[in-house]
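The structures considered in this document are given below.
Presented sequentially are two complexes of chain A, the first with chain B as partner and the second with chain C.
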Partner chain A sequence: MKIRKTAEDILIDVISYAVMGLFGLITLIPFLNIIAKTFSEDWAVVSGKVGILPIGFQLDSLEYVITSSRFLTSFLVSVIITVAGTALSILLICVTAYPLSKKKLWGVKGVMILYVFTMMFSGGMIPNYLLIKNLGIYNTLWSVILPGMINVFNLMIVKNYFESIPESVEESAMMDGASHTRVLFTIVLPLAVPTIATITLFTAVNYWNNYMGPMLYINEPGLKPLQLYLREIILEQSDAVLSSQSVDDQLNISSEGVRSATIIASTLPILLVYPFIQKYFIKGIMIGSVKG
Partner chain B sequence: MKAAATAPARRTDTKIGKRQQPKCLKCLKRYPDLYLMMIPGLAFLILFKYVPMYGLTIAFQDFNIFAGITGSPWVGWANFEKLIGSSEFYQVFTNTLLISVYKLIFQFPVPILFAVLLNEMKNMLAKRTIQTVIYLPHFLSWVVVSGLFTSILSTPSGLLNQIITALGGEPIAFMMEKSFFRSVVVTSTIWKDAGYGAIVYIAAITGIDQEIYEAARVDGAGRIRQIIHITIPGLSSTIVLMFILRLGQILNAGTEQILMMYNPVVYEVGDVIGTYVYRMGIGKMDYSFSTAVGLFESVVGFLLLMSGNFLCRKLVNRSIW
Partner chain C sequence: MQKRTKMWVGVLAGVLVLGALTGCGQEQSTEGSAKPELKVLMNYMKEDPNTYPVAKDLEEATGYSVKYYTLPQDKPEEKLNLIMASNEAYDIIITTNNLRVSWADYAKKGALLELDSLVDQYGTNMKKVMKPESFDLMRMDGKLYGIPVPKIKIGKSLNYTSMLVTRSDMLEKSGAKYPETLDEFTAMLRAMQTAGADGETIAPLCIKQAIELPGIVGAFGVPNPWNEVDGKLVNRAEDPRYLEYIKYMKSLYEEGLLDREFPVNKSATLTEKFSSGRAAIIPITYSEAGTISDALEKTSPGAELTFLDAVTGANGEKGIGTGESSLDRLVFIPKTAEHPEDAVKYMDAKLDEETFKLVAIGREGEHYTVENGEYFPISPKFFDERGSANNYLTGINEETYPQYWQTRVRKDQAVYDAYAYMSLDDERLEDAVANPALDAPVFDSDKYVKIVNQMANDYFIKVIAGEEDLESSYDEFLENWRQEGGAAISQDLNNWYQNKAK
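Let's look at the complex of A and B:
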């Protein structure tokens, strides 16, 4: 059945494609600009001629960034925080969500209220800061890894998924004498792989992007993750700092080029996992919004 | 510090426990392993969420880091009196409200518009491509986003100023100009989160029964009337819900974002409660006063959320939990 388009149809088509296309373009332009600045010749960057396409081509800025020891150190710190934090957090969330998914279990409702309340009310910046100091984990990577381990939103997503698994699946295993721990790890978790993959990616992105935590709790230069390093680079307004780092004269790089290259290099991991996140996050959000 | 904070939690346990003790004991005996599995999570919850809540009591003390919470003298409401009397706080409070309200007016409707427009795009390839692009900035940190914006808005060589100069205008130092700072904050929020924010509404649109559209078409309703009479009403309860969640955050104007973007030149228009707490607490080590400011923010946010949720249940029969 083919319906002729009315003027109204055309109007809606034009508006929707134009507005969304325009916003898509606006989203892309800062990326294109920063990529262009990374690869343009230094004179073009300094004289402010670079738009969304590179002028000339060089890899020196990027090479300078990814071979600098400060960048590599902070990159490694970020990788450690992200991998350790995500692994521990997902394990903790799964183990916590499993008993909480047993609706008939006494006390589950009360415990859930304890968790949900923390979504609405929190101690805030200073009490958290003092806690980290008192625990003696200030200036250690634990100060960034531990506080974010239980994300209540993720906990609810996993709990809701566990609740949706038919009881009969678990009961048959229990008949054979398996313990709850065994059921969780051999039967329930394999079923929940897509859900767990979703929250794993979200958690990893959160750890990678975390700025406030390390800003408050880490002072030691060698332990600063990438976001803190990137912040310092962005703040370095003039060439002064860069020249004091004895940039090789043969390298034709500008501080603006280095800044752009640092942004690119620290965003690359996110861009690489983004296609995988995208596959899952719509589903994740939908689970959350149905229940939440 | 630890023992004191676990006390309230334990108290609620025993209260419920007394009423249903036999059942409780039976449960514990039957499923000890299930209860054991709850312990690590609860330990983390208490240590990293409830202990800081207990730490809020320093708002009522003249806290001394060497004396600790137990040794510091109590001062009652003195910190809050100082807060209400402070002209600096008045400025910060005004900035917070202004930026939040601007975000509410200019940012909040955008994801709804996007969801409606995306729903009208019938070419799946174009729709998917645009979705992929506009969701992306949400996954970048504020450090990166502020880097991108600093680069675009810098003087005189930033992209936007190149365009302004090409059109014959004078370059503008957007990040350094008081009159532009709040606009930059709101715009960058829209750039980062408006696309991603549409997902919730897209999910709600998916839930609308297609037969209603079918029936409307048969009755001769055009696409504009379908949007007004089917899509928007179908979104209304989600809109109310999201609005309430946003309302609970009204005193959080985006601490991390503003911390990344502001500088002493624009403190007057850009300093918000979150950044003020950071500057007073961590910068000047005035722990008690900054905690009082933080507690004020938390309590107001909590009350707004609760009353909003109450209204929501009355009005659209949906609640946030």
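Let's look at the complex of A and C:
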């Protein structure tokens, strides 16, 4: 049965689309500006004449960025961190959430309280730093992957979903002789795929964007991830940094065209991937609210 | 469903292998090491210092293999504090002179190695190419706690590096005379109001938050942040002559001659307005001359950069201030270093004549050419392979480096012209006023310097923009400024200054 739209409905629709569309376009403009600066010729960028369309056309800046070894290394490092971190994180969260979802298991409540405690209180920067150092992972990629690998928020979401799976399903599998591991991997996980997929997404994006950890714990230039590299390139022009450099150092600052090209080169991969995974994000946001 | 388990196990295995690979990246076995591998922490460098060509050349020349680590670009002092507090075993730490207060702090707390004996024993080259006065800059209580990397001095004092610049076409259009006195400068500003692109009215003078204009502030007798008055050093904030300067700037603002947006302008904004004809005069350092010239060529062909020399003020005063420190970078060795003797030997080897030339400018015919005793870079190889070489320096040959260094400024003819105008031209050198607080030692009160400077700058910007009234609020400001550390700094500095004069 189709609900007929009244004229009022249509009017509201039109206005909503128009207003949202306008907002969307406004937020798009700075991005178009950066794209324009990437392809414009240097003199135009410096004189501030570049608007939304590029002036002149050159691929030099982009080429310079993409072939620069530091960009490629940082990119690779970011990919390694994201893939390894996400895989490990999901695996450990699943394996942790499963026993925690068994309400009858002794000590489950206590362990859960400990986990939640860590969500609310953190040791602070210096104790964390000392912890990382004493674990011997300082200046390695583990210092970025390990902290926060078991995100308690995600853990709770997965645990809640596991709890909602009827016991009878698991019981029947165990009656047929399945071990707990078998039950987890072959029965429970397949049922939880939407949840897991969403968690994977959130975790992956978190790892990709993380730069606080690398900034504190990684000194080796070859191990700095993309976000850190991007930040350093953009900071080169900030007045705070400029005033602390000798004029000699200032001779080496990259031009604004190169900076824009770096931004584009770093954002493009995520931009390309996002449309495909967007629907999972939208599904996932509602995941905690509806039971079963 | 065995496939799924296999898949998870496969992923897990792959991940663990990756982790092991990256984690193990740290341990490197040195083969047949008579020379151990050194760990060097340096300030931010755009490229990866481990893969930059200079690193390989250095290793071949000195025989030492080195692993480089870098500090972050902003607030490196915070990261350095963390590193020093956790006793990391770096053999050499190189920082910019900005971290001098941090260095002094570490030295006082006993975290740094005393280098007198090591330098006497292994530092033959160092002592040959750098003067004892330079070494004195790295002493605390008479003991040597680091190796200096001095700035280049050409002439009697440090050179100034920034000047006001205008566009030759706009100067012509306005019909004003090239200013030699303060009044002529003001007249020029008034004439330039109509010289904007497309005939629009503009505010010709465009600046950032740094309100002390080179060449103008000197006309009021206060070219440096600290100036001598009757044998005592007085800070600008306390100097009535500076207040006259502020009143002058305020009058410019009210007349519409000073860009109203100056408190929020950034360097990029200045360049934009200048190249598009919406500003006529901006302060620049010589390193910026290249990009601006290029932009001008395209937007206004025929327009050239015309530098504005220091103008003479009402009382016949004139001059441009110079830097506060003769040091470019600081090099020091923490007590936790594992190979301090090798570190000093390594730094000394780098100052060997051939090796130093190799690091600074590369190989003749490959990176540079020599003409009449002057060095010219071969572009682009010089800038690709030696552009960031200055980050590797742990000491310079005070005699030869000024010549080598000029190769870097030849990156762009416009940059070189600007540099030559500011730092090599005799007339300009005459205008340079030596900073009386040059190379003052680090005091406890130095921790207030940033705070009080920011406070003064904020206050005077408000005065110029008309938000604060100078007459009524100055006393309160001065009281605050003194209390927040201004008085302490002034006292320490003057104690040192009086003793120096004896």
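Please note the rule applied: the second predicted complex is superposed on the first by the 246 of 292 C-alpha atoms of A that agree within 3 Å, B and C clash if a C-alpha of one lies under 4 Å from a C-alpha of the other, contacts with A are read in each partner's own complex, and residues count from 1 in each chain.
Note that in this section a contact is a pair of C-beta atoms (placed from the backbone, for glycine too) under 8 Å apart; a residue touches a chain by one contact, two chains touch by 3 or more.
Since the model is a prediction, treat every value here as computed from it, not as a measurement.
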Which superposed partner A:Asn139 touches (first chain B, second chain C, both, neither): second
A:Leu130 touches, of chain B and chain C: first, second, both or neither? both
Partner chain in contact with A:Leu189 - chain B first, chain C second, else both or neither: second
Larger contact residue set on chain A - chain B or chain C: B
First (chain B), second (chain C), both or neither touched by A:Glu236: second
First (chain B), second (chain C), both or neither touched by A:Leu216: both
Touched partner set for A:Ala87, first chain B, second chain C, both or neither: second
Touching partner for A:Gly48 - first (chain B), second (chain C), both, neither: both
Which of chain B and chain C A:Glu171 touches, first, second, both or neither: neither
Which superposed partner A:Glu63 touches (first chain B, second chain C, both, neither): neither
Doubly contacted residues of chain A, that is, touched by chain B and again by chain C: 46-49, 126, 129-130, 133, 216, 256
Touch list for chain C against partner chain A, complex: 1, 4-5, 8, 11-12, 14-15, 18-19, 22-23, 25-26, 41, 44-51, 67-74, 79, 82-83, 86, 96-98, 151, 161-162, 208-210, 266-269, 271-273, 275-276, 285-288, 291-292, 294-295, 297-299, 328, 387-388, 390, 405, 408-409, 411, 415
Chain B residues within the chain A interface of the complex: 1, 9, 12-13, 16, 20, 23-24, 27-28, 31, 33-35, 37-38, 40-42, 44-45, 47-56, 58, 65, 113-114, 117-118, 120-121, 126, 129-130, 132-137, 139-144, 146-152, 156-159, 161-162, 191, 194-195, 199-200, 202-204, 222-224, 227, 238, 248, 255-256, 260, 274, 277-278, 281-282, 287, 290-291, 294-295, 297-298, 301-302, 305-306, 320-321
Of chain A, residues touching chain B in the complex: 6, 8-9, 11-13, 15-17, 19-21, 23-24, 26-31, 33-34, 37, 45-52, 92-93, 95-96, 98-100, 102, 105-107, 110-111, 114-116, 118, 120-131, 133-134, 146-147, 149-150, 155, 179-181, 184, 205, 208-212, 216, 227, 230-231, 234, 256, 259-260, 263, 266-267, 270, 274, 277-278, 281-282, 285-286, 289, 292
Chain A - residues contacting chain C, complex: 41-44, 46-49, 69-70, 73, 80, 83-84, 87-88, 91, 126, 129-130, 133, 137, 139-142, 145, 185-186, 189-190, 215-216, 219-223, 232-233, 235-256
